[in-house]
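Some structures are shown below for you to check.
Next, two complexes with subunit A in common: one pairs it with subunit B, the other with subunit C.
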Partner chain A sequence: MTDRTRLALLLAPALLVLGGLFLTGLGLTLLRSFRYMPALGLTEPDLAAYAAILTAPGFLASLAFSLWVAAASTLIAAVLALAAALLLRQTFPGRAVISFLVQLNLTVPHIVGAIGILYLFSQSGSFARLAHAAGLITTPAEFPILTQDPYGIGIILLYVWKELPFITLILLANMQTLGEDHEAVARSLGATRWQAFRHVLLPLLMPSLLAASALVFAFAFGAYEVPLILGAHAPKALPVLAWQASTDTDLATRPEAMAMAVVIALIGCALLAVYGRMLAKGGAGAR
Partner chain B sequence: MRANLRTLAGLALAVFLVLPFLPLVGWSVARGWRFPALLPDQVGVDAWAYALSPPSGVLASFAVTTLIASATTLLAILVGLPAGRALGLYRFRGRGLVFLLLLAPALLPGIAVVFGLHGILLRLGLAGSIPGVILAHLVPVLPYMTLVMAAVFARFDTAFEDQARSLGATPWQTFRHVTLPAILPGLMVGALFAFLVSWSQYLLTLSIGGGRVQTLPLLLFSFASAGRNDITAAIALLYILPGLMILAVTARRITGRGAALTERLHP
Partner chain C sequence: MTTLSLHGLRKTYPGVGQAAVHGLDLTVDSGSLTALLGPSGCGKTTTMKLIAGLLSPDAGEVALDGTPITTLPPERRGIAMVFQNPLLFPHLTIAQNIGFGLRMQRLPQTDIAERVAAMLARVRLDGLGDRRPAALSGGQQQRAALARALILQPKVLLLDEPLSSLDPSLRDEMRALIRTLQQETGITTLVVTHDQAEAVALADRIVLMLDGRLAQHGPPEDLYRRPASLAVARFFGGVNFIPGRSQGGLFQCPIGPLTLPPGAPQGDHILTLRPEALRLGPGANPRTGRIDFVTFLGTQTRVGLTVDGTALQALTTPDLAGQLVPGTDLTISLPPEALWLLPPE
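Then we have the complex of A and B:
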């Protein structure tokens, strides 16, 4: 058996699964977004679904909402994760417990975290009760709306809680491969702690920080179950809007759901490109 | 002073990480917990007793979720192990493209692929069935498994296999006694995390299962939207158990100092 045939045999099952399910699935979504559905008598592809979603007010509001939530969550999680990684690299009492908690959090499904956040921050949740006990409010309605709110605060809180450990672990893994030599050299040449961090460690961590951030952004942008629990009635997160359009009894909205899925896929592809570039730049920790 | 500050920051981080679990634990043992009470009015195991009794459907759902995640993991090993070997051991034209094809399903949101996937599985007669859900879960799980195995095989020395073969071992014997022991630790980590990726799926199960396949997250959501906080909390805590057990097996010291972590993480 030549290497070529061996290679083809080894790769064939995976390519079959990914080609047959993933690529074909994307292709089918794309065809249907062009309103090409022979089963329904639609054989003339057109862009009507895209025109429809672009002129409907809900779509653009949802797109903006999902981009906002993803951007805010990613930025806050990335900054806090950087601080957490720097902290966990030091020795202090209780570090083992915290590094266990960081890893524990990674295994918790998003939907569980979302319910926990809801029970903490809703108007009758734990913090509202604490505010009542402190004499700040007398009824639940006086507590600020932090979950199922139009700004996505609850959703952002959940993503920060869930993705901070993810980015922290990637940064710690990257720091382990780097070791402390570079900083030690900078310090011995007279750099302050801050200078050594800012000009030596941070640039070295940047590729893996950006790669991890691209993953977090992609997830926060495209997740369905989190805004389902923590999102407001309007504006809906884009994945929620797309899913509802797809389950609408009016079959005419199906192509619009497909068009939204295509928009989501395109944004995902852009993030994939960022991620790929950052990995190529040598984000060893994120691999 | 500096050390105190560190401890304080560590404490803040620990509280932040634990916080969402606290109301879940509280609700799961609460018998009535009205606003503005800080603690449950009465404490009992009613919610747990109901969640663990057959009528709630939680145990059946736990079994279905376990079955789906196990089958998905097994399939992912069968398909992903050979592909990981190819990617880890060989340099070939189009290798970058295969990597891209593997990264895409892991990175693209489920909603982007779920409609088309439903169309395909419908045509195969698998929509609304457990095998259909397993195939759908394979899409996000397989990339993860393959990339872990590619990393494992990148550090694997095929010379041992050649020696076994030259001493007369059959291909199966070589795999069983030479290759497998060498890749087993990486394979285990990959398999456990593949299990967790399937275990956490929501949208793919909802869409492909079409309401006929009730995994735990779907059941959890229906209790949550029914406003049964106590039962929801009990199910949520049951739902994170496998993750806890897997963590107990795979937890490692992360220091940011020593040797590198090698396994691939996912958000």
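Then we have the complex of A and C:
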């Protein structure tokens, strides 16, 4: 057996999964988004599905909502994770306990977390009951609407809670590799604690912070289950809209669902491309 | 021109029983180039970090011209430190690295550019200002790190093993550069090193630290010829030690009475003389010994011999290596002016 054959054989299972499932799925999605579905008698591809979704009243609102939720979650989680990582790299009593608590929710599935948020923060949830017991509110309606709200507060809350430890862990690993010597040099050259952070540590951490943030953004933008549970009736997150269109009893909405999926994927790819360029820039600086 | 002084400086790391620095007292004279010398793990780098303010001492004081600075943060001490590794900021160019401290002081860009250009020329990095640190050689990086500290015109400059990350061929060049820049600027400079030859070649004064304590402080020649203790003598390559008693200008010891230099202290002592001071051939205080070994060292030859049961070593010119035969007898002499008495252990 030549090396080339051996290589091909070893790669075959992974390529089969990747090519067979992913690429076929992607291809079918694309075909259907162009309204090519011979089973339904559609054999002339066109862009009608794209035209339909782009002009549908809910679509742009859903797109904006999804971008907002993803951006807000990523930004808040990134800032808090940076603070947590800065705290956790220091040695202090109880550090191990806090470190454990921060990482604990990495193991909780998103859907379980979403239901937890619903139980805690809804108007009939635990916090509303506590507020009532404390005499702060008299009826459930007085409790602020934090879940299934039009701003996606509940969704953002869940994503921040869930993704914060992920970014923190990546930053901590990066800080460990960097050590504290560069900051010590900066201090001895007259930089204040803040300046050493702002002009030395932060630029050095930027590539890993961007990498982790991009992953969080892509997930928050494309995930479906959390906004389904914690989202409002309108606007719906884009993935929820796409899922509902694709499970509609009216098969004619199928191409529109596929078109939405393609739009979600395209936006994701575009963001990853932008991120890749930023990373290349930051990476060149860090080398 | 600033005098740096340390009073009773003490530091113990958490979880480590022994103190890294034990109540260190030290004065670094204004404008001097002083070497803080000691084996690795003797507390040198800890001392540097305590002076720079990167660590805080458990007890004691750091003062500049008599003014305590122990509680000041590092950025307000006017002390710049160059680390063992260049540690240039990888995300900045060489020029931005050198101008870093000035930028932190919020100086105008034009002033910074002017001073950085002048500094680049002084450390012979002209034309490399736009490069990233990774594009420079190790020697160039270390020169940039030195420039980055010197441009601030600090009151005190601390250099932590500045030559150890360099290839041997680059060390002489860097040593000369440090020496020249220090003499031109007159900045009080403390250099940490574990290499006695480097300390001797570089510094006006040497502070020898052993086990977190000050063992001896003085001009390099003193530490070589007039060590304060057995440990100091050993650190500087001393190998000849003969216990005995000094009385009326004579040293009574296992190899018979030896004439001492005038003014030698009385009582029990350990006599030492440097291997290069032990003469082969007849002279003052002559003895006959049997050659144990002859080692050719390139620029020198090391001869081991036994005189009345006492092992001694001599360093001599390399051309004698062939004439000295192990197992044969050899006449040697111990010049009185080279004899030095150490306190008994």
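Annotations
Convention: the second predicted complex is superposed on the first by the 265 of 287 C-alpha atoms of A that agree within 3 Å, B and C clash if a C-alpha of one lies under 4 Å from a C-alpha of the other, contacts with A are read in each partner's own complex, and residues count from 1 in each chain.
Following the convention adopted for this analysis, a contact is a pair of C-beta atoms (placed from the backbone, for glycine too) under 8 Å apart; a residue touches a chain by one contact, two chains touch by 3 or more.
What you see is a predicted model; the values in this text were computed from it and never measured.
Which of subunit B and subunit C touches more residues of subunit A is settled by the count: it is B.
By the touch criterion stated above, A:201 is placed in contact with neither subunit B nor subunit C.
When the two complexes are overlaid on their common chain A, residue A:82 makes contact with neither subunit B nor subunit C. Applying the stated contact rule after C-alpha superposition, one finds that A:185 touches subunit C and leaves subunit B untouched. Look at A:232: by the touch rule set out above, it reaches neither subunit B nor subunit C. In the superposition on chain A, A:9 contacts subunit B only, with no contact to subunit C.
Of the two partner chains placed by the overlay, neither subunit B nor subunit C lies in contact with A:278. In the superposition on chain A, A:155 makes contact with neither subunit B nor subunit C. Put simply, subunit A uses residues 285-287 to touch subunit B in one complex and subunit C in the other. Subunit C contributes residues 49, 52-54, 73-75, 79-81, 83, 85, 87, 89-92, 100-101, 103-105, 132, 134, 148-149, 152, 158 to its touches with subunit A in the complex.
Those residues of subunit A that touch subunit B in the shared complex are 3, 7, 9-11, 13-15, 17-30, 32, 83-85, 87-90, 92-113, 115-120, 124-126, 128-130, 132-133, 140, 161-163, 165-166, 169-173, 175-177, 179-180, 214-216, 218-219, 221-225, 228-229, 239, 242-243, 246, 257-258, 261-262, 264-265, 268-269, 271-272, 275-276, 284-287.
Of all residues in subunit B, only 3, 6-7, 9-11, 13-14, 16-24, 27, 35-38, 78-80, 82-83, 85-86, 90, 92, 98, 100-105, 107-117, 119-120, 135-136, 138-139, 142-143, 146, 151, 196, 199-200, 202-203, 217, 220-221, 224, 229, 232-233, 236, 239-240, 243-244, 246-247, 251, 253-261, 264-267 touch subunit A in the complex they form. Chain contact summary for the complex, subunit A toward subunit C: residues 181-182, 184-193, 195, 199-200, 203-204, 282, 285-287.
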